[in-house]
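Chains: A, B, C and D, in written order; residue numbering restarts at 1 for each.
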């Protein structure tokens, strides 16, 4: 029995390794590719590189506006996080910890952001945002990302809020502590891991956004990484694969670093809340 | 008679707290949709060009448009394939990595990477790897003798949809997996222990403990996932542009093409509105059928009455 | 006490929501210099950089103007530009290609540019073919900036290996050579024909239609006239040619086509001379191994010497006379021999062709580091310029349906249907005409 | 401190009536315990007093002031929750002082009060610790301290001892009695544990199915349970019940079933029912060597000082408590006497107590 058990666990491990391979091998492949001269990639591809070069990274870091794109992306993502956190926390608290008429309807209403093909919203949104003077600004772009991060973010956070005992708020209420104070001084600190996870979610939603950034950010100086990168990889007539690979690595790199620092928190944050 | 109540008194607060999010959604979704509805009743070809009101003409045209009807069907297939495939796969992966093993932390963190890179990177990465003659998949498969002829992942209409489903899943499954993982963490360990003591096998444990506990998550993801999947655009557009032929032309792709390459914004708007209505009907039916789960997901205080 | 705070907070949230909706008011800073913005779709970093060089020099020379470049991807160009026009925050100069121009013109945002053009034309001499693509209703609507055209590009090494002495001059020779050059075991194919629903497909296929004598797709009343014997032979030729192409040409976009030639996977392509850098860096061959030839024609004389050409031009979007003055200064500056030559030589050598006579023999252009190695091939592009044309622009006025013809890649759709469903060239051409008739 | 009075309280959850017409007056300084099985509505009643639950019908007054419409914080009550509801991100000291801080007490005052309470509850060493670093008993004391520090008019306690282990519970129970005695506070206490209720409450309100079925001192409830339910719920081990017919023979009334016949106690001679439920507590019997009621021992449980013996009396099984010195084996025959005063009679149909002084 013991041996069959270990056979199963080895089998399980193998499957996990296979899955991780499928999910991560492309990154490995592109990482290796980014150190190879384009010539080697364009012609007959081999798994093992014959030549190693830093040329692609020199092009990326020194000759393209990579750093500017990263900084811009970072700014937009940061704005998105700053804008969406209060909305998500307030929304999640409202929908899942207070009771009012229409609560259910509103929570579904919020999910309606996912119901329309975003590509077709572009033109009207441009008009509306122009009315708000939010065209060609990182803030406008972040507002857009916020709108798409908030509804699901609220749902993500509700699990965390629901894991908190209701007595915490009741105790505070009996002690005469105002609801606002309860929200800020009790609920938010208690939900901190969940909120960190939500912040990361909003960050990544913003980090990967392309369509609205491309439409709303007119000036080159404001372009984000996905825009810049698309210019590199979908260069109209030619793709410099080595350069594109370096660009892809360059786009994943900041996320990679983010994961190194707070990746664990993300998982912990949303699983501690134990979504139900 | 209205009574003062700790919870009732929160009603006002609750409403005000959700208000900013609601305003934002109205701003970026509802207003644009209204403008889309307006456009759909006109003969506008290019935004801003001269037009006249044509009533339901665009809608009637679309119902007679074989291409549109076919794209509705493709969208349905796409949604089912992606929704179903992704849900099942991510649930399986979540179950697989939920039990402790060496490297669990590594897996749980880094599994998310595909979700966190821009779609352009994903698209170009897979287009490159799928290439028939120089793509790494075909060359290594042929090198190993698994394949004789290269597989035309994106150029064969029979396979292109599957390839896209795979890539789209590659992108979203990690995220869904993590959500399921979080949901699994909420299942009380004692329930499993009790079931084990009762001699329940793996399947019975899943059926009677895991699944019921996951049901609320499954239903919410079922709804949101369907909406997400139905509106997937970037990956399809950047990888096949709806081709080869029209084999991967789903409704959003067709409408984008109609609006911005066929220069017929009013027809595209009408198509998008039809699609929207279908999704709303789907959502209402879905919510109605699963109302128990949704009410559960929203009842914070239900346990207090004891 | 608590109730007061609570009430205040609720009010605060209300105000917050309101301001959220009301939005933030931007501050318009009045500047002394005249701000000019140009928007183009040449997104690759090297092109943006080369453009910036021109812009910087212009700003330095004319301090009263401040030119700025915006970049947008081709994919989003239409939605962004129409939204900009709709919102009334358009740029002053907007890059266009002919079909794109016809679409944007409908928004009402494009100003007649005859006046600006005439001022620029005093300084430089335009090649007529490039200007004609923007003539309509007695006006000129855009100032040409650079051209592009398709050639038969081939791998001379492959030809030598196969013992083919010279590039094909007739379509029959193309097929014969393609057949001979197709060696699947070596991963080598005779021709990389993009049979995909992409602009690459549209352009390649149209080029061949023209070579077979079917360059006119509309009659003078803009009625489609593609269902003709010339196009049937063109499609028959293409169907044959597809057999000597890599198996996945159905998903080829530009990058794949170019990659096929550079990597040696294909021996011939119809393409813009756009990859000099790539050839040097990645093919492992020398500049001399890249062949460029005019598009072959049928030997029976039913066709004509022809290639697709694109005039990339800039539409004037502002009606402000001061700004228009600035625009004419900028265009004249850009197209002045020295600046233009340097830009042509660095931006995307080979791809971007001069639209002015004076640059044709521009030494600066030919002495640019890369172009200097491909003088012969580049000269071929320049020589072919007079024998080119643009679909939908060969009547008195352009035909509006050209937008869909190009945007939705009708020629490629017909090609795809022919290959995938294995229908006859006659049926394919008939299908093509149906597609064009369905545009209303 | 203050009196609390509940007048005809009703609470509906949807269509379910969970609190049914509860009326209790709690005197200033009184320790009143709501006791009853789980689901009887006692916690809901307490939460209505706290203001955490709306009142469907009826009135609550604290110090003669109707508080129905006041939010919890304005009622000047303090509550100790079953799971303590400590703020896990704050230290013990902050937990204790939080309510004061929210009320804008000045820092020195807060410090003084917190220290005093900490001293009172022996928490001085713990002030800088986080709740998760404390033992269950310590957490319980923090929760209590958080209530005390506010010096409220009324303490509400919702099963505050139920999360403690047995020994700690005994000890804390004693401390709580002392403390509330010292503070002379009005306390409303909810528990399902009848021992806790008996030992702590000045008066008990026994609840069942949303109703207060008896409200009286612990002694009175024990001695004169108003219904079979109260009789069974209060007292451990629980009372024995036997269904008896009333027979009359020679002008004398007898209680009779298949295995025993007892005379109706003199005090209840006027009994007119034909059948009753007879109850007696297991400890109120007297073993005799002969001539008593006879039964067969089925199970013997040793409780230490006493033994609980299950006896078969015909078709019924009853339990009796006997001193542990008695040597009893199962299967053996035992005889015992029942004093007439020890008998409780309940109406067969409505299960109410049949009182001796009924005169009709």
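Operating definition for what follows: contacts are C-beta pairs under 8 Å (C-beta built on N, C-alpha and C of every residue); 3 or more make two chains touch, one makes a residue touch a chain.
From a predicted model like this one, the values you see are computed outputs, not experimental measurements.
Compared on C-beta pairs in contact, A-B and A-D come out with A-B as the pair having more.
Farthest from subunit D in terms of Cα centroid separation is C. Distance between subunit A and subunit B, defined via averaged C-alpha coordinates, is recorded as 16 Å. Centres computed as Cα averages put subunit A at a distance of 55 Å from subunit D.
Distance between chain centres (mean CA atoms), subunit A to subunit C: 35 Å. Annotation for subunit A: residues 42-44, 90, 119, 123, 127, 170, 173, 176-181, 211, 230, 234, 239 touch two or more other chains.
Contacts with at least two other chains are made by residues 6-8, 12-13, 16-17, 20, 24, 27, 47, 134, 259, 304 of subunit B.
Annotation for subunit D: residues 51-52, 71-73, 103 touch two or more other chains. Those residues of subunit A lying in contact with subunit C across their complex are 37-39, 42-44, 63-65, 90, 119, 122-123, 126-127, 130-135, 139, 176-181, 211, 214-215, 218-220, 223, 227-228, 230-232, 234-240. Listing the residues of subunit C that touch subunit A in their complex gives 2, 5-6, 9, 13, 22-26, 37, 39, 41-45, 48-49, 68-76, 79-80, 82-84, 86-89, 91, 187, 254-255, 258-259, 262-264, 272, 274-275, 277-278, 281-284, 348, 351. By the touch criterion stated above, subunit D contacts subunit A in their complex at residues 50-52, 71-75, 77-79, 81-85, 87-89, 98-99, 102-103, 146, 150, 156.
Those residues of subunit C that touch subunit B in the complex are listed here as 6, 9-10, 13-14, 16-17, 20-21, 75, 78-79, 82-83, 85-86, 103-104, 106-109, 187, 196-198, 246-252, 256, 259-260, 263, 265, 403-404, 407-408, 413, 416-417, 420, 439.
By the touch rule above, subunit B contacts subunit C in their complex via residues 12-13, 16-17, 19-20, 23-24, 26-27, 45-50, 127, 131-134, 149-150, 152-157, 160, 237, 240-245, 257, 259-263.
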